[in-house]
Every structure is written in structure tokens, then in C-alpha cells.
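You will see two complexes here that share chain A, one where it goes with chain B and one where it goes with chain C.
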Partner chain A sequence: MSMEISSLTPGVLVDTPAARVAVQPAAGRLSLRARKAALPALGAALGVSLPTRIGQRAAGGGIEAICLGPDEWTILTPADAVAGLLAAGAGVDHPHSLVDISARELTLRIQGPRAADLLTLACPRDIDTIPVGEGRRTVFDGATVVLWRDGENSFRMDIWNSFAPHLARLMGIGARELAAEPA
Partner chain B sequence: MLLIHCPYCDETLPEAEFTYAGEAHVIRPPDPSALSDDDWQGFLFIRSNTRGPHYERWRHFHGCGRFFNAVRDTVSDRFLTTYPAGQPRPALETLTAASEDRK
Partner chain C sequence: MSQYRVPGRGRVDLSRPVDFTFDGRSYRGAQGDSVASALLANGVHLMGRSFKYHRPRGAIAAGSEEPNALIGTSRGAGRFEPNTRATMQEIWQGLETTSQNKFPSLKWDVGAVNDAAYMLFSAGFYYKTFMWPKSFWNKVYEPFIRAAAGLGTAPTEADPDQYASRYLHCDLLIVGAGPAGLAAARAAMAEGLRIVIVDENAEPGGSLLSEPQARIDGLPAWDWLDDELAALKAAGVRIMTRTTAIGYYHYNMLALCERVTDHLPSLPADTPRERMWRVRARQVVLAQGALEKPLVFHGNDRPGVMLAGAAQTYLNRYGVKVGNAPVVVTSHDSAWYAGFDLQEAGARVQAIVDTRPHVRDDLMDQARALGIPVRLSHTVTATSGRLRVSGVRVNPVSGAAVGAGQQITCDALLMSGGWTPSLHLFSHTQGKLAWDDDLTTFLPHETREACVIAGAGRGLWGIEAALTDGAARGREVAAALGHPGNPAAVSVENDRPGSGVSQKELPTDRNPGRAKAFVDYQNDVTAKDLRLAVREGMRSIEHVKRYTTNGMATDQGKMSNINGLNIAADALGRPAPQVGLTTFRPPYTPTTFGAFAGYQRGAHFEVTRKTPIDPWAEAHGAVFEPVGQWRRARYFPQPGEDMDTAVRRECRQTRESVGIFDASTLGKIEVVGPDAVTFMERMYTNPWAKLGVGRCRYGLLLGDDGYIRDDGVIGRMAEGRFHVTTTTGGAARVMNMMEDYLQTEWPDLDVWLTSTTEQWSTIALNGPNAAKLLAPLVEGVELTEDAFPHMACIECTVAGMPARLFRVSFTGEIGFEVNVPAPLGRKLWEILWDAGQQYGIVAYGTEAMHVLRAEKGYIIVGQDTDGTVTPYDAGMGWAVGKKKPDFVGKRGLARPDLAAKGRKQLVGLLTEDRSKLEEGAQIVFDPNQPIPMKMVGHVTSSYHSDAAGRPIALALVEGGHDRMGEVVHIPMPDRTIAAKITGTVFVDPENTRLKI
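After this line comes the complex of A and B, so read on.
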């Protein structure tokens, strides 16, 4: 069987009474690595106050930032703002790395009354321990993903392109199975 | 499944997010070419293979990505503690005392 590396295009993948899974339109993504001392200057340059606790998020000026590790952040932004942010980061006088990773991942939006149950299909972490408005990097059926919890039953999942077709299929099966369960 | 406390994320998480990375506190000799072949072989290959509390490295691979150290009892698989890489090894007496208290 042959499958394209990333055959997914933006649109709804599966829509059942249990959950709806959709591929989000392409967005700009940046990976930031820096030490704590550089944070205030980088935050001022990028226009968002960078969170310091792992899993915490911040938003401002159309961009979203999430802290993924002690020295690692991912920044989501409209695709046309990437060049401007890279230029702004280059002017910061602290050692850091700010890299465009827009082409690396795609995002699924998972929502519906049983969206949290759907994630338990392949995520060993207790989904209930992720507070609304935060996110975590975790594992979903063997692939590293970044899970953003936007609401009680509304999630976004950033997936590396090469894993995306597999996880998308899995989500489709899971959503249909949950919908088929007798009430 | 084991539950492991990541000292960087400060959360106790399922083992599936972590990878094992061998014995901890194995220090690379600063000048390897000054070593005899036997000493170099000892550094490269010889590990303590402890029965009981074992100082070992783990990596929070599907998470913050950091390596950290743990003390795990190789008989019971109980984690006595985890601590960030670079810290001195905690004394075993304090750990076993603390774990007796929990029983």
C-alpha cells in the first residue's frame, strides 16, 4: 500500500455526533529556544509575554505561544507574519534560536461532546489533568504531538506531517466508534 | 504502566512518555588517551547492574525533552525519587527512610 506523506488538506475529516475532527488551514509556526535571561527582550520583540511554566500558554497581537520545555517555546502566528517575527527576533541581543517550522506540522481540531474521550484512545496521559487554556506535548499512538486544550471538549493537536495520515485515520475510526456506542 | 515524576514538568506521567537512558553518574574521564585499555573499557561498558536502588537516567522524550536522574528499585520497580541532571546523587538512607514512611 502506498500513501502520500501528507495527503491531508484543510477540511473536515470526520463529523459524528460524538466528535468532529478537522484539518486546520496552514499556519505559521516558530520554534524558539532561549535561556530565561533572554525572555523579557524576546517577549518585547515578538509582542507576546512568554510563559515560563511548562504547558502554559500566552496570546497577544494575533500570535500564540506555548512553553514546551525549560528553554523551549512554540509560537503560532498567521503565515504572513512569520518573516516579520523572524526579523524581530534577529534583533534581540541575547543568544537564542528562532526557527521557522511552519512546514513541519499540521493541526487537527477535535471538538464535540466526546472529544476528550476520543483522545484517550491513544494518549496514555490523563486528559483531565490538562487545564482548559493550557497545552502539553505528549504522545499519541507513538507519535509526539502538542495538544492544546481550548475548551472542556475542544482541542487542537499539532502533528508532524509524516505521522498525520496515520493519526487522522485513527481519529476517524475512534470518532465513528464512539458515535456507534449505545447510549 | 509505571508513573514517573518529571522534575522539569513537575507532573507525574505515564512511562510511555519517557525513555530509559542507562546508569546515571557515569563520568567521562577528562583525558581518555591517558587511560589504560582496561580503564577505558570499564568506563565504556562496565555498569553496576544493581539489585535494589539504582541511580539511572531517564528522558522525558514525548514531553519537555529533558534528561533527568531517578532512583529506582530494580526489584520492586518503585521510583524512590527523581531529580534534575547535574545535581549530586541523593543519599540512599534519606530515600529509603522516606519510602518506608509511605508504607
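After this line comes the complex of A and C, so read on.
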């Protein structure tokens, strides 16, 4: 039986001249679902102005929000702020759903001169069309992920826990493969 | 240096010799050689044996269309590759190659007896020969055919190489880096446009590599090429070599296979052997050029007989004379230049034989000036030589009359039947072809893809024509991409435009019925086979193809299709366009399984989802089983235990004290919103409106057809918040089904779904000591019958962790499911494990879980149901809220056949001889009825049960609910087992054990 990791802990997974992939420390994460009319009230309660175009992001007060669907957002927050945000959301008098998903997934940070190329190993989406400062829900190696583009060659990828080792293995193969390519 | 290497010609680097072996013998080539060019430089033409007749064969082409020169290549253990085209494999120091289809040796091959017996192996040979006696098929014919079939030897060792894949998005993909492709790139390129040129050869240039005599814009062709490539690269155009566009799929998706290391003498670390590129291109230019057709005459397959264009490539690109005394036979102008080039390189061309009565004056003049004899209006009727052509018999033709043959001695025979555009990728787009009468070939016509064809690929001939057309097509796609494109005017000197006529098999003065005039070299199909197929009634070209196997070899008829069509059309007496062309399918050239598999092999074959508790199970010796994408602990054997023993122990300890089980894989969905209860009422069969907060209920989910789809326990955590659980395998499917209804049927409901499967680690504790074990760790609720009864749920703290605690039982014992945030699961498990030692806690796996639930008659969706079982069939009518106005499947359940008597219903079975039944075994009422018996159901679950004191089974049986106590029969290979129909609850039907 393989003794491969079945869960990942924060730290560097692979570091080559092409790309460096690291598991990020645990963070707070909420899934917010609501109709448009509820957005101003929810934004005020959560302390972030919720973007309305899919893929758009907003940040403020230590939290980040990304719009993933016409009625769907993921909110990132420090772990210790989750309870406060859940309570703040509960006070909003508009129908909505706010669910703690902090424990559901983890985040990889992917950086380095070939970071964007590394994603092309298994992401069918055209990486070039994701503007810096935006994000997309997409697929990597068969698993649904949320990809955040923080810089030309700096990304974060949110992955459900049980898919992460599989994806991380490919990241390792890919980072070495890219580093071995003749210039 | 060998007498066939021509100094000063070619692009190989003679200062860098490369040694390799072929059939154990060492040869020396030069850096840049292919195996074929290097062997030809050593005077070796014999490179293989044909598939059916084992006839000696040499390279006939210089590119990927090569049908004959298939070799094995090897670089050590596991790295043997059969059927490599010697024309495409680059040599490297130490490369080992071997010929195929020969025994004991390439020069003396036993299988060649087939050649002598060739009259037996006519078209449809298999169909005619192996028809009778019927009983011979399995034992004699099929093993014989299988042993004889196949090219080369399949490797037996695991492939140690890594394969890779990537996605690539571009604005313009150009297939083919010849003059048309390069010109298209130059004309289309613009700031910000992503342009990719792909070429299967080791270096870009296409036909320019074979035509150094041309001068483009005042520069020698190769200098122009260098400048052009540099300019394109500087402009950001990506040029990919050794990369074959193998398939063209919907919406401009193309697959490219890149050969990364096959040309390297040593394998670099971390580098895949091949890489599959999945390309999405906004526009595509196909500039793949044209393929030369052989002429069809008796003996046209002898080593040394090859395409004239190939000979020109060997000379000009590789610096190799394919012979010192060649003869050219042609029906197209292009072959004349091959003769001229060879003559100028020092060969003595014995004759240029043209089937046409008239040829351009300048060609005649040049032949005369070079001293090459010319014979017009001639046919070729035979070749001689055993392992190498040594002579050719040519005859004058006058009208239909073929004159007397004359022998010409030669050591190579260069033929050209004209050129046919490479239509393969275009055909993959389901593009329509149009017949061109002048060129007597099909040309690309219309396609629904964003795709244009440039150059020889649409019948244009000559470098200037290709450059001009490429530029025009480049501007066309630039316009489609919103750019003006770049002007281009080129002038080409020493261009070699030309034309020709198309031929069927060449006329002969001998019996054409005895001619071995090959059309498909790889499958050994002759012109006579095609005519025979038509005589025997084949009318469609698709039937002719299958009857003769013409075009069905690994080269997919790159050389044979048009010749085959011309001959079949002639035999049918119909024009070629009415006969039509067979379909080309991907891949364009044979592609390794490795390239298709990419990274998906070995440990990375498929995602294996593991829970946070999985490492504990692994450390404790669990045996795992896959459940959907998950791997789950099946049982935990102790030293010396087999599965049965381990499972019995796990069941016993659970029922006697307490068992712990990892239920984290259960699907979980958080249903939140003011309309959550309305949504639940509509989705599930059960009523939810009156379920209080802090209570949970078993839920049954149907499809709209009324059949059971999924089930699970659902807790109401708050007025507008449900914690739904689903089966492990059904999680994603249920989520999708719910979203589907929500988005399409009930968009008005204020309720939202969030997958929380992986938010929670779920640990089940079951057994009489479960509450005793858990209670001291729980804060927020007392685990008593009053404070936390069966089917209660609460948010509380367990061992200091935030938890959702459910009191549920899938075993019939006192049971709890503790949900904690996923990463905490392992820690909680270990705390419970340690605390449970005083009770003799046992970790149990899915197998014991199955037994424990079956003893209580709890179904497993997908095992005891198969998509045709209603709640009533399963004996679960109690779960259907009959007063509810609607729910998914309510209408389906009302269909007459779903309410009819005699449906298969879930019952218990107890065997009379106390043996354990086999799951899946069929059930009959009367064991004495004649075969085939009427089968009335099957066993769905079957286990040894210590709690019941005997083996138990669940089964679906026709009208089973009305047959309690009746005996049914289960015929097995060795005997028939009698079993009594019972209820499905085998243990504690009063549920007394659930009480704390």
C-alpha cells in the first residue's frame, strides 16, 4: 500500500526554478448565497462590498470575496473571524445562506516564472484570459477548483481536501518537468 | 564515407558521426539522419518484410506516410517500441533497431512462402477460407489468425517512461511549417496574437528542406528559411517541431503529439517521452502539403523502388543518393527534377520513363542537356531483383496496345503517380470534399470549423504558389481575428511548378491477373484484389475497403486511397467522385497509448479520495476498497485473520460493546434559507414540515420516475437549515439533481445548497457502550434517553471540538454520528479510540457495516436497489408522505405498472441448508422446470450473521411481499439451494437495543 500523504499540511510542496507550490495555512472560508437585493445589507454586515460580475474579487477589512456565480460568493477571512461573520450574517434580514466551509478545502499558492504554464498541465481553461486580481471556478486534473490570480505568475488554488494530494502530486511532477525544459 | 553519401548536399552534419545498429549490425550515420536515410547512405534498402506475403521491402517514402520501413527501436529494459517508421526515427549514438515480420532473418524469411502461394491469399481470403467447418473457428482459425496478425512484437514489460499533457490556447494554429504555413504566419502575425506553428518533422521548412535550389526574394531557400524562422520567433510566433497534429475535433480543438525524447541519446531527468497537447485555436490554417502517390505496376514494392519525391528528399535534405544508377518512372513533372538532382549529384540516371506522350519542352531540354535518356508513352510492366531492384522492364504504349518490353538495368527505381493533398485533418472536421477533374483528386471544400487550407493541401503546386496562397490565407484568418494582416509579395526563382496525370494500375502486356501491383503496401493489397472485390459484388468504396483491407493499415491509406479509388472506380465503370472516398479518422499517425494516457497512470491513474482518518486506518492494517472515488477501510484484520474472521469479530464486538466507524465519506449538503423546509418537502418522499429543530429523520429520494435514487439521515439544525446526508457514491449526483430542480423548476424558492461533504469528518459509534463512551466527552447535551433520544441532533462540543452530534443507528444498536471540522477528525478518532479501550472498542470497516445493517434490514441504495425499485418494492412505503401534495417521483409512483401486483419486492431469504447464498444469484420458483428457467429475482445482499445465528440474505423476488414463508430456489453450478422467504429484519425486530 502506498504511504502517500492523504492530507496535506501547510508548507512547501515543491520548489524548482520553474515554480514553487506551497500549502497555505488554514484560513476561514464561508460560502455565501443570496439574491441581488440582499447584497448591500450583506456587504455592510460582512464588511466587504460584494462584487457582482462572476470572477470579480473584492477585499477589505482583512477579508476577501470572490463572485463565483450569479448568486454565489466565497468569503476568505482569518480563521478567528469566522464566528463573528456568521453572527453578523445571521442578523441580516434578507434571505440568504451563509455556510462555514473553512474545513472543506485547502489552498495552494503557485508562484514562479512558469506558474501559469504549470496550470496548463491540467486546467482546460485559457489561463491568459484570467486578469490579475480576478479568479475563476474551473477544473484542474478533473477536480473542481477555484483559481485566484494574484499576479502574472502568482496564483492561489482552492481544492477540496480529498482531491488535494492528487492535484499536489501533479503539481510536483509539473514543476520538475517545467524546470527540466531546455530554455 | 559511403559511396552513397554526397558531400556538400543535405542538412546532416557529417562532422558528427552517429553509430547505431540495425538487426545487430553496426552502421554509421550523421547527426540529423533518420534511420532510413542513414541505412540508405550505407546502401541498405531492405528494411522490412510485408505483413501478408512477407515480401522484402524498403523505405518507399521519406516521411510519416511510410508504409514499409517499420522497425523496432530499443533503448533498454521496457523501452522497446515496435512499428516505428524508420523514416521518422532520428538516429542517436547507441540506438538499437530491428526489422520486423521476419524469421529467422530479414534476408531469408520462412513466411515468404505466403508470397509463392499468393494466389490463395486473394481479397476476402479470410471470409472465404475460414467459413467452415464452423467448429474450427475457436480452436484453429482464430488462434492461427491472431498469431499471424499484427505488425511487430508487442512489448511485454511495463513502460518506464513518463508521459505528459498540456492545454494550449491560441488565436491561430498553423499545421505544417512548410512555405504555405510559414507564409500564413508571417501574413497573420500581429501584436498580441498568439500564433503557433506545428510540424511533425525534426525541423521546420517542409518542402523547402528538399528544394535548396530555389531562391526566394533573392536568397537561397535555406537562407530565406533561416531568416524567416528568426523573424517569426522574434515576433512571438511559437514553432513546435517533432509534433504531429493527430486529430481535429469539434470547435477547433486539435490534439498534438510531441515526441520529446525519442531523438535524444540519453534521457534527461524529469522529462516526459511524449506530450499530448490539447489545443483550442480560434482559427486554424491547415498547410500540410501533399503526399506523393506511387505508380501501380508489377513489382512496384521491391526494395529500391521508391517515391521520386522521397529520393529528392534523401538527396537534398540528408545528402544521400538512393542509387547510383536510378530509373525514373512517372506521370508527373515533379519526378523529372528528382532525376535531374540525382544526375547532378553524380548518379547516372538510366532513363526517365513517362507514361505521358507529351512533356514540357524545358524538362525535355534539361534531360537532354544532362544526358539522361527519356522514354515517353511508356509503361512499366515488371521489376527484377530479389532483395533489391536490379532492373525494370518498360514497354511502349500506343493507344491500348502495349509493345514489347525492354529491360533497363538499375539499382533504384523512382516513381511518381502525382500528388494528393493531405486531407486527413480536414476530414476529421467532417469537412466536405470536392472532386477536381483537372487534378483528378479530391480537394477540401467546406467545413463547419474555423479553418482554412493553404498551399499544396488544396492542390496548388510549387513554392511560389504555396507562399502566395499561404500569405493570402494568413491575411484571411487575420481578418477573422480582427487584424488587417501583413502584405507579402514574394518572388521565387528556380521554382519547380508542375503537373501530371492520374493513373490507375499501369497497362501491361502480361496477364494482369498475375500481377503483384501493390496499391496498399502495408496490407499487401494489389490492384487485382480491388478488381476482384468489385467482381464479387462490392459496390460501395467502404465495402471494397473492408473486403480488401485497402487503406486499413496503420498508415490509413495515405498512399493507397486515391489509387485504390481510381482502380475501383474504373472496375465499377463509374466516375471517381460518384464512388467517393472512405473516411479518415484520428489519429493522423499511429500514437502511443502513453501519449493518450499522459499523467493518468500508476498512482496518478485516477484521483483516490481519502478521509482525514484514512492514515489511521492504513497504520492499523486496514484492507481498503474503492467506493466511488473514495477508498474506504473494508475491514481491519488482526494477525492471522482472513476477511470473514475479521468481519465476524468486528460485528460481534460492536454488538457486544462498541464499534467505531469512519463515515466521513457520506455526502453532506447544507440546505439553508427560509424556504428550506418547502424544498425538502418537494425533494424527499418524507414529510418534513413537522420535524422539529434538533430532530433528524431518514429521508428517501426518488427520481421523477418513482424509483429510489438515494437515501440518508437528515437533521434539522435550525428552522431554515437542514443537514442532509447522502450515500457516499451519490453525493455529487444528488447535489446536481437538487440544483437542477432548484434552478429550473423552483427558482422562486429562497433556499440554497452548499456541499459540506468535506467540511466534516464523521465518526460513527455503535453498540451498547456507545453512549457510555461518548457521554463524558460531550458538552452541551446529556446523552440520556430523555435529553437526547434516538433521532435527535444538536450542535455541541465533543472533546472540546465544535461538533454536530446525531443520534442515529445503522446497526440497530445505540448509535451516534459525530461530525467535527474535517481536519479535527483524526484527533477525535484517536481520543475516542483511547477512551474506548476500557470497553474493548473495535474499529470496523464497510464490510461489517454492511452485515450489521443487513441484519436490521436496512437497504443500501445501489446494492439492494438497482434503479427499478420503488419505496413500496423495498418495503419502505412508510417513508412516503401520502398526504403531501407533491414530491419528486410522486407522479411516477402513480403509473399503473409501478403500482401493479407481482413487482419484484425486497424480502429476506434464509437457506434451508444454512449455506450462504451468492450475491447476484438468480432465483426461480420451480427448480424442476425446463431450461431456460423463468427467473423471478436475484439475491442482493448475503452475509454470515452471528447475531442471527445463520447466514442471511436480502433478495428481490416477484410478488415477494405476498410470499412470506414460501420456499424459492437458487440454482447454482453444482446444486440448487432452497431458501425460505422471510421479512427483512433478522435481529431485534422490536428495536429494544436502540434504548440507552
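Annotations
Here is the rule we go by: the second predicted complex is superposed on the first by the 177 of 183 C-alpha atoms of A that agree within 3 Å, B and C clash if a C-alpha of one lies under 4 Å from a C-alpha of the other, contacts with A are read in each partner's own complex, and residues count from 1 in each chain.
The rule we apply is simple: a contact is a pair of C-beta atoms (placed from the backbone, for glycine too) under 8 Å apart; a residue touches a chain by one contact, two chains touch by 3 or more.
Owing to the predicted nature of the structure, the values given are computational and were not obtained by experimental measurement.
By the document's definition of touching, both partners, chain B and chain C, reach A:124. Counting the residues of chain A that each partner touches, chain B and chain C differ, and the larger count belongs to C. Within the superposed three-chain model, A:102 lies in touch with chain C and out of touch with chain B [touch as defined at top]. Using the contact criterion defined above for the overlaid structures, shared-chain residue A:179 touches chain C, although it does not reach chain B. Contacts of A:155 after superposition on the shared chain: neither chain B nor chain C is touched. By the document's definition of touching, neither partner reaches A:73: not chain B, not chain C. In the superposed model, A:139 makes contact with chain B only, not with chain C. Touching of chain A by both chain B and chain C, each in its own complex, is seen for residues 124-125, 129. By the touch rule above, chain C contacts chain A in their complex via residues 162, 164-169, 194, 268-272, 278, 280, 599, 603-604, 607-612, 614-615, 618, 624, 629-630, 670, 672-675, 750-752, 754-760, 821-824. Chain B meets chain A in the complex at residues 1, 8-11, 13-17, 61-66.
Put simply, chain A touches chain C in their complex at residues 1-4, 6-7, 26, 31, 33-35, 71, 95-105, 117, 120-129, 141-143, 160-163, 165-166, 169-170, 173, 176-177, 179-181.
Partner chain B is touched in their complex by these residues of chain A: 54-55, 68-70, 72, 124-125, 129, 136-139, 144.
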